[in-house]
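Please read the structure below before turning to the comments.
For clarity, chains are labelled A, B, C and D in written order, and residue numbers in each chain start from 1.
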Amino acid sequence: MTGTLAQHLAEIAAEMAARSERGRVADYIPELAAVDPDQFGISVCLADGTQLSAGDSATAFSIQSISKVFGLAIALGRLGDQLWTRVRREPSGLAFNSILQLENEGGIPRNPFVNAGAIVTTDAALGKRPPREYLAELLGFVRAAAGADDIHIDRKVARSETETGHRNFAMAHFLKAQGNLTNPPDHVLGAYFHQCAIAMTVEQLARAGRFLAGIQHLIAPERVRRINALMLTCGHYDGSGEFAFRVGLPGKSGVGGGILAIAPGRASVAVWSPGLNAQGNSRLGTEALEMLARRTGWSIFG
Amino acid sequence: MTGTLAQHLAEIAAEMAARSERGRVADYIPELAAVDPDQFGISVCLADGTQLSAGDSATAFSIQSISKVFGLAIALGRLGDQLWTRVRREPSGLAFNSILQLENEGGIPRNPFVNAGAIVTTDAALGKRPPREYLAELLGFVRAAAGADDIHIDRKVARSETETGHRNFAMAHFLKAQGNLTNPPDHVLGAYFHQCAIAMTVEQLARAGRFLAGIQHLIAPERVRRINALMLTCGHYDGSGEFAFRVGLPGKSGVGGGILAIAPGRASVAVWSPGLNAQGNSRLGTEALEMLARRTGWSIFG
Amino acid sequence: MTGTLAQHLAEIAAEMAARSERGRVADYIPELAAVDPDQFGISVCLADGTQLSAGDSATAFSIQSISKVFGLAIALGRLGDQLWTRVRREPSGLAFNSILQLENEGGIPRNPFVNAGAIVTTDAALGKRPPREYLAELLGFVRAAAGADDIHIDRKVARSETETGHRNFAMAHFLKAQGNLTNPPDHVLGAYFHQCAIAMTVEQLARAGRFLAGIQHLIAPERVRRINALMLTCGHYDGSGEFAFRVGLPGKSGVGGGILAIAPGRASVAVWSPGLNAQGNSRLGTEALEMLARRTGWSIFG
Amino acid sequence: MTGTLAQHLAEIAAEMAARSERGRVADYIPELAAVDPDQFGISVCLADGTQLSAGDSATAFSIQSISKVFGLAIALGRLGDQLWTRVRREPSGLAFNSILQLENEGGIPRNPFVNAGAIVTTDAALGKRPPREYLAELLGFVRAAAGADDIHIDRKVARSETETGHRNFAMAHFLKAQGNLTNPPDHVLGAYFHQCAIAMTVEQLARAGRFLAGIQHLIAPERVRRINALMLTCGHYDGSGEFAFRVGLPGKSGVGGGILAIAPGRASVAVWSPGLNAQGNSRLGTEALEMLARRTGWSIFG
């Protein structure tokens, strides 16, 4: 198995290296726009403890919205099912940064992965603590999960988002006006922007995702299943149905070009390629996962 | 395994029989409104060929929107991936009979399970044939899958929907105005209402679902996976995220109170209880599936 | 005054004849699409009984949605303020044929001039009568107002709309599903399509509008004021604000290229030019009215 | 005329004093919530220079959104028709503080009177000046128009809005994100909240509105007509159609309970009563204007 898988990964990396159509790199913050689009990395952690990688697997990138998965795990750890009074568990059918449903649905975001829901989740995870305490807990969790002490927050990226993230400020103030934010918008967004600015490699990310594959035990199995369900239905925003249809694995993407995908009981997979498709998800990353799922038969749908 | 499962089903049926809060029976057509709400049935077909049932498992009910799964299989068989130029594969985030997205999205429905998408799928499956030919093919497929020749279309239910289904007529005319219906609205709806009026028992339905569980081979495995992905993300409309979160299985519900759920590689499960929750899905049926998935560990999410 | 006005009209007609950018003729029904776009006519009835015209003022055209004004007068005559329980009096902010608000607002259309509201108004005016009785009353009203017995319904246009008006069928079935239509959709639309197919000249239309200018007494002054208010705020759909801003007169447009505009106490004005702007209102007709209002100082806004 | 009008005003004030149903006082900022709801004042400036008042006509109140009319006059004075590239002239069909259309319409607000549009208009009027310079110009304009040097900005009200105005902050950040705000959101809102906090009496407000009635000449007549058109179609948000239907005059309301209404060529009218109706417009103020318009025949619609 391991031998064949290594070959799959090598072939996939080779095919991706040859691609000319790579999608557009996110350009809304200078730090992300400056990333070389010609990179591609993939890494897989198997249930037997093996890890296999290919491509630029040791280059750190900004995980951005993939961090929402770790933030959700922490929020659930602190609040349990209480969290679900403030955020729902349904696909939104809209873009990740849409404000429409907030107005029509009384400030209760559809799910913890759209930006509004992630801001509420961060506010919940924050509690009454100063943002840096929450960030320390989060970083500790991610480092422990990945077994890597050098995972860090890229402060330049965080600062850049603070200066240009007007749409997220709009969202946070809207949530505050609707009574679904306990902390001041500035505090919550401070924590949120720093959380999104975590930098790591696909090797580290694949290891950090093992607890969702049931390979590493960090949180209750019931909770793992539910996070996976949310990743499947909401992890790629208005491209979630398409991702489920093509790849067939729970996954969470970030505008930095990373995707974490989970084959329950079998593997944790991380891919990274900076160019994005129309829904803001890694273009080659999605294709690579589709190829991998087809070759391995890891789809959860049969 | 089989012994334990029989016990699970018996306990679930007993618990459901004791429930007083059973939801509201669909009342928009007289034939459905007249159904006794105190019924509950469940049936499971396993990979080894065994079938186990409990409760009112031999009572026929109107499968309604569950029929969309069979219609989709036929449309894909005739058109293949061509179908996806006329209907998308994303959760809608809206009610099953919402017309909003059609207006904003140029008449391309979000997925084949919301009513608009099912009407387009029926139109595609129909092709240039008279409705009765399509219905004969559909009924033949369902009978073959279930191994039951007495599955039939309840013409009283179909006629009743034809007379009161103004919202579906609105949808069909809107699709026609937007150029996404090749047949006249009346023809398509004639086929659609009759398709929804198929009556069968949970025992028959569980057997008819075996091809989706990979237990019976009727269509290509790749297509099975994709239908399962669509059932998971879109099968319960704006309650799909909740169903995935709680049950963790691909499923398709109908307003008649039935649900077909698939544990890939393991089992095809049918439940039925006429009372519905706020999203129009069987209330006790959903709870029964949640209990069953927890006890069996069949969740696809770990 | 009359001399100067005659000069204004001649100049306006000359300028409009010289225009090359004339907008697009409505093409959704063959009869309208076949109209020569190079036509322009204008006619004005003054308070002193004078009527002045210029351009193609004696050519009959399809008044289409302008007929909604006459239909509203008849519905109000039959139901009085009862009508306002079924239709509101607010600008919709959306296109004339949008179905969105119906879904969100329980089947109560925003105003009697958007298609949904006009369909409800027609249903109300119809009562339990056969469509042809209502049409006879309507035609009688228009003929009496215009003092012209040869105003007629163009049955080819009506038939054509019946065959292609799927969007209006969608609207009517939706209203029926929501309980805001007492007659069968087919009946109401039969009446509605025939009403819209009334053909008349700008000379006849200007005379038919005198009752709204207070020059001719047909209905109560209070009712006249209210119809004018509705024309000002809703008469040009999502171009109503723009029309009020530029022209400053209550007006009602039709996709046939006609506009009826009212200068209360002073004049009834009809213009016609088949080419439409982006909102579906006569392009040159609007410009002509803007020129006329500026030269005459007839704006109701000072 | 003056004698009869004095009698009308006295009767209206008496009737309003007797009303028990007075609507709800705005409670979103403490300063407004503390206002005694049992107050009512009305004042009319006629073309001949006469001013007549009744009720609490010398009590200062917070004019809130009525200030948008003065802000618009200043913005148009600085930018002319350039302003219309950043804000449209159409009724929104939605609440004054809705954020929905911004998302769907690329950050171009529907009109200068909904909050989003007023924020853009303030940004435009501000230019590159510090907020206090703009506020000095605005206050100078209002004082000159009213001939009253003691009109002032209530800083407690302004501060209170700054602290609780999260929805307006959301709006401003959203506009910034969409590129339709040149100044930082904080600056624009500082100016906007202070503008809304202008306090004056109905006597002062009626005088300040004379330029819109054409009684006093401050800006070009063409511009006056256009502002009146906007007040008629958009001045009462999603209650504008209803106000035009019932009152028949251009008007602008504020959540402080004031309304400025214009009878072009005839009169400038100010009313004030703190209780609001469902659309956030003064309940008794609207009724008083309806009575006044009916008795005087000032409706612009005939």
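Please note the rule applied: a residue touches a chain if its C-beta (ideal position, glycine included) is under 8 Å from a C-beta of that chain, and two chains touch if they have at least 3 such contacts.
Everything numeric here is computed off the predicted structure, so don't read it as measured data.
Shared contacts of chain A and chain D, meaning chains that touch the two of them, come down to nothing at all.
Interface note: chain A and chain B, two copies of one sequence, contact each other through mostly matching residue numbers (shared numbers exceed half of all numbers used). Per-chain Cα centroids separate chain A from chain C by 55 Å.
Between the Cα centres of chain A and chain B there is a gap of 32 Å. For the pair chain B and chain C, the distance between C-alpha centroids works out to 47 Å. For chain C, no residue reaches two or more other chains under the stated contact definition.
The part of chain D that touches chain C in the complex is made up of residues 88-94, 101, 110-111, 212-214, 221, 224-226, 228-230, 232-234, 238-242, 244-245, 248, 250, 262, 264-265, 299-302.
Interface of chain C with chain B (complex): residues 98-100, 103-104, 166-167, 169-174, 176-177, 185.
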